[in-house]
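Next up: the structures, one after another.
Below are two complexes that have chain A in common, paired first with chain B and then with chain C.
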Partner chain A sequence: MNVHSQERDKPSEGAQRPGVAIASERHVAELRRAFDASFAAPPRDAERSGELVLAIEAGGQGYAIRLSDIDGVHECRKLVPLPGSPPGLLGLTGIRGRLFAVHALGSLLGLPAANETPRWLLIAGGAEPVAIGVASIEACLEVNPADLVQVEAMDGEGHVREIVTLAGRARGVLALESLVAIAKQRAGDHREGAQ
Partner chain B sequence: MNGLEDYFRSEANEIVEGLTRDLLALEKNPVDATILARCLRLAHTLKGAARVVRQTRIGEMAHTIEDALAPFRDGEDTITSDYVSDLLRILERIREEITKLGPARAPAAEDPGASVAPSPPIEDRLETVRVDIADMDALLEGLSEASIQIGPLNGGLVALQHALRLAGVVRQELELGQATGDRGRGARLGATITEIAQSLAHAERDIGAALGRIERELGEVQSRAATLRLLPVGAILGTLELAARDTAETLGKNVSFSARGGDVRLEGHVLSAVRDALLHVVRNAVDHGIEASEERLAQGKSEMGRIHLDIERRGRMVAFRCTDDGRGIDAAAVRRAAARRGLATGGEELDEEATLALVFRAGLTTAAEVTEFSGRGVGLDVVREVASRLRGSVHLSSKLGEGTTIEIEVPVSLSSIPVLSVMFGGSTALVPLDAVRGTRRVTQAERMQGPDGERILFGDRAVPFTPLGAVLAPEGEGHDLPQACSAVIVQSGETWIALGVDRLLGTMDVVLRPLPPGAGAPTAVAGAAFDAQGDPLLVLDPPALSRASARKATTTATTRVAPKRLPILVIDDSLTTRMLEQSILEAAGYEVDLSASAEEGLRKAKARKYGLFIVDVEMPGMDGFEFTATTRADPTLRDVPVIIVTSLATTKDREKGSAAGASAYIVKGEFDQKHFVRKVAELLGVAS
Partner chain C sequence: MGKSWTVGQQIAAGFLLPLLILIALGTFSYRSTQRLLATSESVTHAHEELTGLSSFLASLDETETGKRGYVITGREDFLQPYHTGKRGVTAELRQLEELFGADADQKERIVQLRPLVEERLREIDETIEARRIRGFDAALKLVVEGNGPKVMEQIRRIVTDMKTHEQKLLTERNSEAKQAAMWLSQILLFGTLVAVVIVAGVGMLVTRGLGARIGAAVQHIRSAAAELEAAATQQVKGAKGQVSAATEVSTTVRELVTTSRQISDSAQRVTQVASETALAARGGNQTVEGAQEAIEVVRRQVDQIVAHMLDLGRKSQEIGGILDIVSELSEQTNILAINATIEAVAAGETGRRFGVVAGEIRKLADRVGGSAKEIRRLIEEIRAAANTTVMATEDGAKAVEAGTRRFGDVAQSFRRIVEYVGSTAEASREIELSTKQQTSAMEQVASAIADVAQTARESESGSSQTLNTASQLSGLSGDLVRLIRREELPA
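Let's look at the complex of A and B:
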């Protein structure tokens, strides 16, 4: 994916193999600082506020998601598998007295190790929501809308619609509606008459 | 559609429903000024509302009704039945116009059944609150959430009880230690621990009492909230009466419709499904049941046919009993129609009940002609389908010349259902209790392997046995059942299956929730419910389980046709034995014919070539020994082996059987399925 080639192309200092771990630690530290700083910052008026994005990881890859695209973030509790499920449909879970079908984000993106047990669930899909399981949430950051760079046909499936650079590292911003659509299509949903 | 039009649509529907009921009431009490006044007021309100939203056509029609009713206000003339019919036709057109405005956009639309349920009767408006079902559901959801919070409290209580027990143990140990010296330390510790125990006991008492209260209160609130979303049956009576009346009018018949129990309440989508079923029942009654006036008079009946609907609450079920005083169902005609449609051979002896049950089969009609209303054979099978979908039942009784009664029994609510909780491989699943016919312990030896899978005996049935794992994880993540497991015997329609589980956990009431979006439609899962921790538990779907089981049987049946075997004739005067032997042999892949007497058996034996006779000894008329001897003497039958299956166990009997020419002698008391199937295979010259 181009997103990752971009990441590799980024001149992160000491990009040699032995330095990868150090760079990664630094990267996490920067994200943490930014995360903490976002709480310390004084409240701004709505017009000047930036876009909140979640830096997440699924299938061993880093991505970003606009906070405005999701309806909630919950810790993943017990998953009950369903018989004859398509790949990626991990099962059912209960969140505040409501049932959700949990799909692994990695599987929706077609990544290997896709059925990893998720730690977090992102709720998306509007009136007919599904829960999308992600391995970890690294940070919640505010970015300048201008830093979200539109991409055109950058990935074959069309799940990445923008690129954002967080703490010096470029990440693909996922378009959740297409992922939710795939989840429902895989499950073979025919929710006729649901208005 | 803007908001105002939404309001209009809902109001107009309500008014039309109310006007229909009131006009029908007015027809019965033409001098009742109160009803007339109410009709006038409703027509007037509808006219005004229609004009506000510029629905001039509806406005004009409402005006016509108002004008037409006005002259009766002074009481000089009384309204006639024909006049009411004309007004009802106008109302029907208004209803069509309202339908054209589009479907209701209420949030309740997520439940399509609920949105078509008729509104509560208009005169209830002052006393009843109109509540959106979606809002109600949100309230119920909140309450469930609150109940879930009790779960951890319960856990706390258990922990406290445990601590209390431990404290007791420690004190005991210290008391024992006193004997060995250091008395002072022991006493000090003992006092402290006593104190701990006291405080723990307090905690237990308080938490326990509080929990009990919360649970009681919440339970009360939950059941009250649940009844708020129930609709009175009265809401559908107008529609049913109208259907009876319209059908009668078109067929030129004279019919009165009455009902009792309209104040019984049940869930909106249950009620709307029942209404659809009852529409078929009522139309059928008018069309096939009620005779034409001349015929009725000739039979000494009153000229006007009577259809009465009795609604009665029976615990968590509601029974709708629809009775007509028409011509009743001619069992012989049903048998003929069933034979014509290939639903029965026509040769078998069907008792009254079995014959009447045929009426519910798809495509069966005894009507001489197909009318606009019924006679296509698609009415009563719909009734059966609705009853089964609602986890209810339907019964029919009829007396030729006197009339027919159809009783539909459905649960008040589908949202809360009693279930049997079972454990398999560390996970829990729920089986709706209404489908459970029984449970039993099963050992490995009792699971009989047949060509179409395993079977176990339940009563005198050989029921297909499936480990629950094969249902819940068909991909086969191996969890083997223990040597002795439990079987839950489930019936849906005519199919029985036994589900093998590790153990039974008990019964409970749960709120059944449909599977969420994105979960697909997994086979055999009806939905899910929450446990005390708020985690989902799968609720199995017995009809889907039996469909899957039936499909499996069909597949294996087709695959085992290949080696052509001769059929087996089972002769026994006991129905139970016939059925038991038939089920065992069919499970083993044989085709089986049955006879209830040796004489009938002989006739069948001459009419068809059999590979084996299985015969009982003690039967009225010719006995099994005679049958064996007779067939041995017949050159065309002497090569067909005979197995005698009997309760006569003495050596003398065995010798008698052997002398008659039987190839094998099996004593019923020592009956062993495996041995039986092996013997059959041996005699038929095939490997079992």
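Let's look at the complex of A and C:
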């Protein structure tokens, strides 16, 4: 008789199975109740809403970005590499009829895994927007502004000026202006170098 | 004589030499006797010739006597001598011619004598005729004037010559006869002596040779008789031992017969037990075959379980695929909600309420994503459980298959047991039959051994007789040795 049959013959297994089924049923009932309650609850006061941040991952590290710093989030579908592009410039992509230069967030942050394939593109830059590629978007969370803690140039480049704790894990809140500026600067330097 | 000659050859040779001597001696004697007889016959012939000559002269004288008597007397009866003498002269003369036929001298004298005799007889006839016719005187005149005495004298002289010649011949023949008789006597004497010496020598040689050989043979017979006696003694001992051994073997064979019968009974019981065992093994085989069929059913059901579980795994995988789509939709919805929130924030005060709705949508999308993750976890658990169940079921299937094989082995073993028990029953039946045959053979052997014992006893008796015969033969050979070599006998 093998291990599986021995495990199958354990009396504790038979005792656990009803417990697992009951917990699952409770979990499903709770989900259903929460789902129904979301539609039954009154609209929340907009004044009391907190700051929305995106928990992202780039270069193997977790960061947070204020939702107000970006112009949009899109899926990175097709990426056309540019010949002779500077480091961190992954290529061009089209989003709703517009071309965007895609820069790797890890490369802009100077992380080792700079050229990872981005899953999502964060649009930022105002009138001359660029697309910053991130590996994943873990969550979009609403945090209390009091939870955003000011710090002094944590990474030495000035890209992280605040720290927020999400799900028990401290993350640096990236300042996209500086990152967009670095991206544009690299593109400009490269263009000048090419001319 | 050669030692390689047989006794018969030696005896034949011992008889052959004297026989040759006797034949030579007889031949010589026969020839000498023949010659002596011839000489004697010649002497007899000579005597007959002399007698014939004497008779011739006597007959002639008798004719003269008759003539003279008749002349003197004139009587016819005195002529009787004349007639007798005349017939005798003629006959004697013819006989003399026959007797002297082989002698030419005597035959010539006979030829000379015949005319003289005829003249003398004619003169006598004339005288007698003269006396008869003319009387005495005329007859006397003829006698006186006649030449009778001369003729007679010539006749006498010729006869005397003939007698002298015959006497001479007779003397010679007598001498020859004496010489032949003496030669015959000497031959007989010396031949007999030589034959006696040779026969004695040959006899001695043959006797010595035969005595030596027969003595050696008798010695051999004696030694052989002694050996035969010893062998007969040994044979008697052996026959006694054989009788004893045959008796022991007979006893042992009887015990063997008893044991063989017991073996036969045991083999019969073994056959019965083997038959019962074969029945039990067939029942066990049927039971095992039934269990094997049940296990086969279980194995098919386990195969169905495995198929269902694999199907469950595939369905879970399909659910996972659908869940991926749901997750992606949730993710896209979340992204759309984020973008809506961004747009609401960008819209300022007017977009505030839209931002609230976008936040609700984003939360719903988060919940959907969380539920999708939960479902994925559950699906993974289901797949893991299904995989575990499949593996456990496969293990069970393998165990069932192993059990099936083992039951197959058990069934095969039962079939072999049935075959072996059948073979055992057959072998025990053969053993029983063989043991019965063996018992019968043992009884025959016992009978044969009894016959052998009887034969051994008879052989012992015969050996005793042989021993007696060998002893008698030894005694006889000793007697023969004593008869042949008396001087060589041991003291």
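A few remarks follow.
Everything below uses one rule, namely that the second predicted complex is superposed on the first by the 145 of 195 C-alpha atoms of A that agree within 3 Å, B and C clash if a C-alpha of one lies under 4 Å from a C-alpha of the other, contacts with A are read in each partner's own complex, and residues count from 1 in each chain.
The working rule: a residue touches a chain if its C-beta (ideal position, glycine included) is under 8 Å from a C-beta of that chain, and two chains touch if they have at least 3 such contacts.
This structure is a prediction, so every number in the text was calculated from the model and none was measured.
In the superposed pair of complexes, A:Trp120 makes contact with chain C only, with no contact to chain B. Judged by the touch definition given at the top, the superposed model places A:Ala187 against chain B, while chain C stays out of reach.
In the superposed model, A:Ser178 lies in contact with neither chain B nor chain C. Judged by the touch definition given at the top, the superposed model places A:Arg77 against chain B, while chain C stays out of reach. When the two structures are aligned on the shared chain, A:Ser85 is found in touch with chain B, with no touch to chain C.
Looking at the shared chain after the overlay, A:Thr165 reaches neither chain B nor chain C.
Note: no residue of chain A belongs to the chain B contact set and to the chain C contact set alike, using the contact criterion stated above. Partner chain A is touched in their complex by these residues of chain B: 103, 105, 109-110, 112, 141-142, 144-145, 148, 427, 471-475, 513, 515-525, 528, 530, 533-538. Of all the residues in chain C, the ones that touch chain A in their complex are 332, 334-335, 337-339, 341-342, 345-346, 352-353, 355-356, 359-360, 362-364, 366-367, 371, 374, 378, 388, 391-392, 395-396, 399. By the touch criterion given at the top, residues 1-2, 4-5, 7-8, 24, 27, 31, 34-35, 38, 43-44, 46, 49, 52, 54, 67-68, 70-75, 120, 137, 139-140, 142 of chain A touch chain C in their complex. In the complex of the two chains, the chain A residues touching chain B come out as 77-78, 80-86, 89, 92-94, 96-101, 103, 125, 128-130, 180, 183-184, 186-189, 191, 193-195.
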